[in-house]
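A, B, C and D label the chains in the order they appear, each numbered from 1.
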């Protein structure tokens, strides 16, 4: 059975290690914060200028001056700090942020990613995504394996305008966990009950299957 | 002490004209120069180029200038959440240059500190880099991006003093500090304007040398775009 | 919260080795990492390259490392007031690269924020620009200067917390903030080390993400180089 | 009679205008602060990271953490601020500092300046001088017209390694006030009792004398 968005977030949370500074994109990535193990130390950075984000505020305690990159009201935890956009992207570009988790509309087998524009349709802009993908050493993409029409989003080549080139390292989709290797998408784990054949059918790009592929534990 | 204090938003905006290029601080509706925007609407200056991370919402922030068709071109990183913006862009009334957020930030800072251009990896291999110089350093590719040139920077700070020194609050800081001194004239609105000497010199985020005019904003609505809360236990 | 606290200067300096490149904060003797320098003397690491605005005086600051011939090369903007330095330089024992102070600052910051290089007007037409790429922007000439690469940055802050957040005091700030995160490992000594949450998130000069290790310095002599006073009226 | 160093500073102080941010170099320039008119608003910047410098502290009130670029203990005035070296040179490079006053060993008639190195002899370094002279729109040099051997320091071409090219706009020496023009050193004022001939004799570079040259008022 394919994973829910919550389960994708839950699986990605396992990739978050002790001592990591993490930038979470909008959408599924935001949910990852809910599933990070409580016995490790992790700090969340938001590119609009805060490190050490906490949960949403209690009702009535919202502060218009304290938001995340999704423009949601947030709180901060002890040890948090605020800073300007230049220093914020300095953290990202300078590779001080250990892990970036973001969504994608398409990923190519060479690690190219497209997630900011559908020509003639969606023109919201890239926000901080191009900075994040061009700088981060460690990028995990959270995405659905196929679009609503059932078409694969893991492609030989991206068809949409790119956000970044050869940058995605890992993908957690509703069907599988995959590593982006020089040879293509290396299948690491299957969603519970999903067969290798189903994953193969949903993957347009080159899928590499080495031996038995374990089911993921979420 | 060199005083930067002006008594009103109207004096603060003296000299704004049609066809000018403005920088405006803020991220979403957080930390935007509300009072200066209101005055720009009132003055009805036209054909503006606005450099700002976002374009406001339909009825607040830069959306107010868009409603009155005062903006000719937007330079932003993200412009969602604004139907009028989308309509004007798709109809070709509005010119839009979308650039990565970190590039936007560094092009502001470059203008502030007198650097002509910066090399950033953001956008390499994408349409953002089309027509721009690219270059390899240590095996990684970068795009050359130039410092912005602007006539006015409109900035919102939390506390300020008459010398123009500024302190920002929370994530309302964002692009505001790096736009100070990045335009020919920097106009700052503050929630609290204090006499010089009231702010600890050690805690000042932006020294007054980067500011030409400072005024106490009459009203700050500080609208929240996404009110997210959790329940009290 | 990710803790950066270590219990001693000795733990803070684990991994320092001969032949490494260090950045050291401070301007003159103001805001120098006294405790880390003392530990470097004690460990007697040799053939060091030190990036620091100044080279200390004969018997304090980096002068202590010079006395023991631990430094192979200095990268500084100003190295006066140090006889031993001058002796070693003129005799050829010590390699010296003198660069403009603003260039030094920007090469630190570039390393901190992941910019590969910057164009600065400083030094154009002088021997500082020899062998370097120069380029015109808007009719003005600039020199391309590369981000520093260093193994350790030794920084002195006033207050810090366990998360590595830092606040500097007065002009002891100088190069310290921009060296944080500009080397592989940033080691910070503070006068006062507080639990996370004790510092106002709004007043932090450098967020802990740029710091790997923080410790409370045992002793700060804070020597004054030029004691200038006026008489009480 | 040629000016004392104090008088050079006094004369330069007249160039400081209301609303100016001023960077003062070490030596004679530092003295300028003592002579600025009290009815105008001026702020002094020191490149080690302070704006709004005040006088030296009272004895016993020195703070090792508050010094100027000459490493002297100082105080700050209301409206002062501290900042890091990057932002400090940002002020300078970004031309937010209105006036830079510094000393020189040599100035050439095209505005080149040398003040940081005597090969084989003096090797202290340029400090912030190269940044200042390459960035400032408005540079005044405070200097002695000749060296101790009586040799001119206002030259056709500098003989010492340069600090900056074509940047000096004005010179106040012990003998004269001169403007650096495309044609050479334009004589503006004579020190009291110093003749044009004496100035000419002390100036190796091209001196331009147009009409009567007034004596300076200090």
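Annotations for the structure displayed:
Note that a residue touches a chain if its C-beta (ideal position, glycine included) is under 8 Å from a C-beta of that chain, and two chains touch if they have at least 3 such contacts.
All of these numbers come straight from a predicted model, not from anything done at the bench.
Inter-chain centre distance (chain A to chain D, centres taken as mean C-alpha positions): 56 Å. Computed centre separation for the pair chain A/chain C is 36 angstrom, with centres defined by C-alpha atoms. Centroid to centroid, with C-alpha atoms defining each point, chain B and chain C lie 33 Å apart.
Those residues of chain C in touch with two or more other chains are numbered 106, 114-115, 120-121, 168-170, 201-202.
Counting partners per residue, chain D has 50, 82-83, 86, 89, 92-93, 135 as the residues that reach two or more other chains. Chain contact topology: the protein chains form a pattern that is neither a line, a ring, a star nor a complete graph.
Pairwise, the chains that make contact are A-B, A-C, B-C, B-D, C-D.
Against chain D, the residues of chain C that register as touching in their complex are 27-31, 53, 76-80, 86, 89-90, 96, 98, 100-106, 108-109, 120-128, 158, 168-178, 205, 222-232. Interface residues of chain A, counted against chain C in their complex, comprise 19-21, 41-43, 45, 50-52, 76-83, 86-87, 89-97, 135.
Put simply, chain A touches chain B in their complex at residues 46-50, 55-74, 82-86, 88-89, 92-93, 112, 123-131, 134-135, 161-166.
Here chain C touches chain A in the complex through residues 1-3, 111-115, 161-163, 165, 181, 195-197, 201-202, 204, 207-210, going by the rule given at the top. Looking at the complex, you find that chain C touches chain B at residues 106, 114-121, 137-138, 140, 142, 146, 167-170, 201-203.
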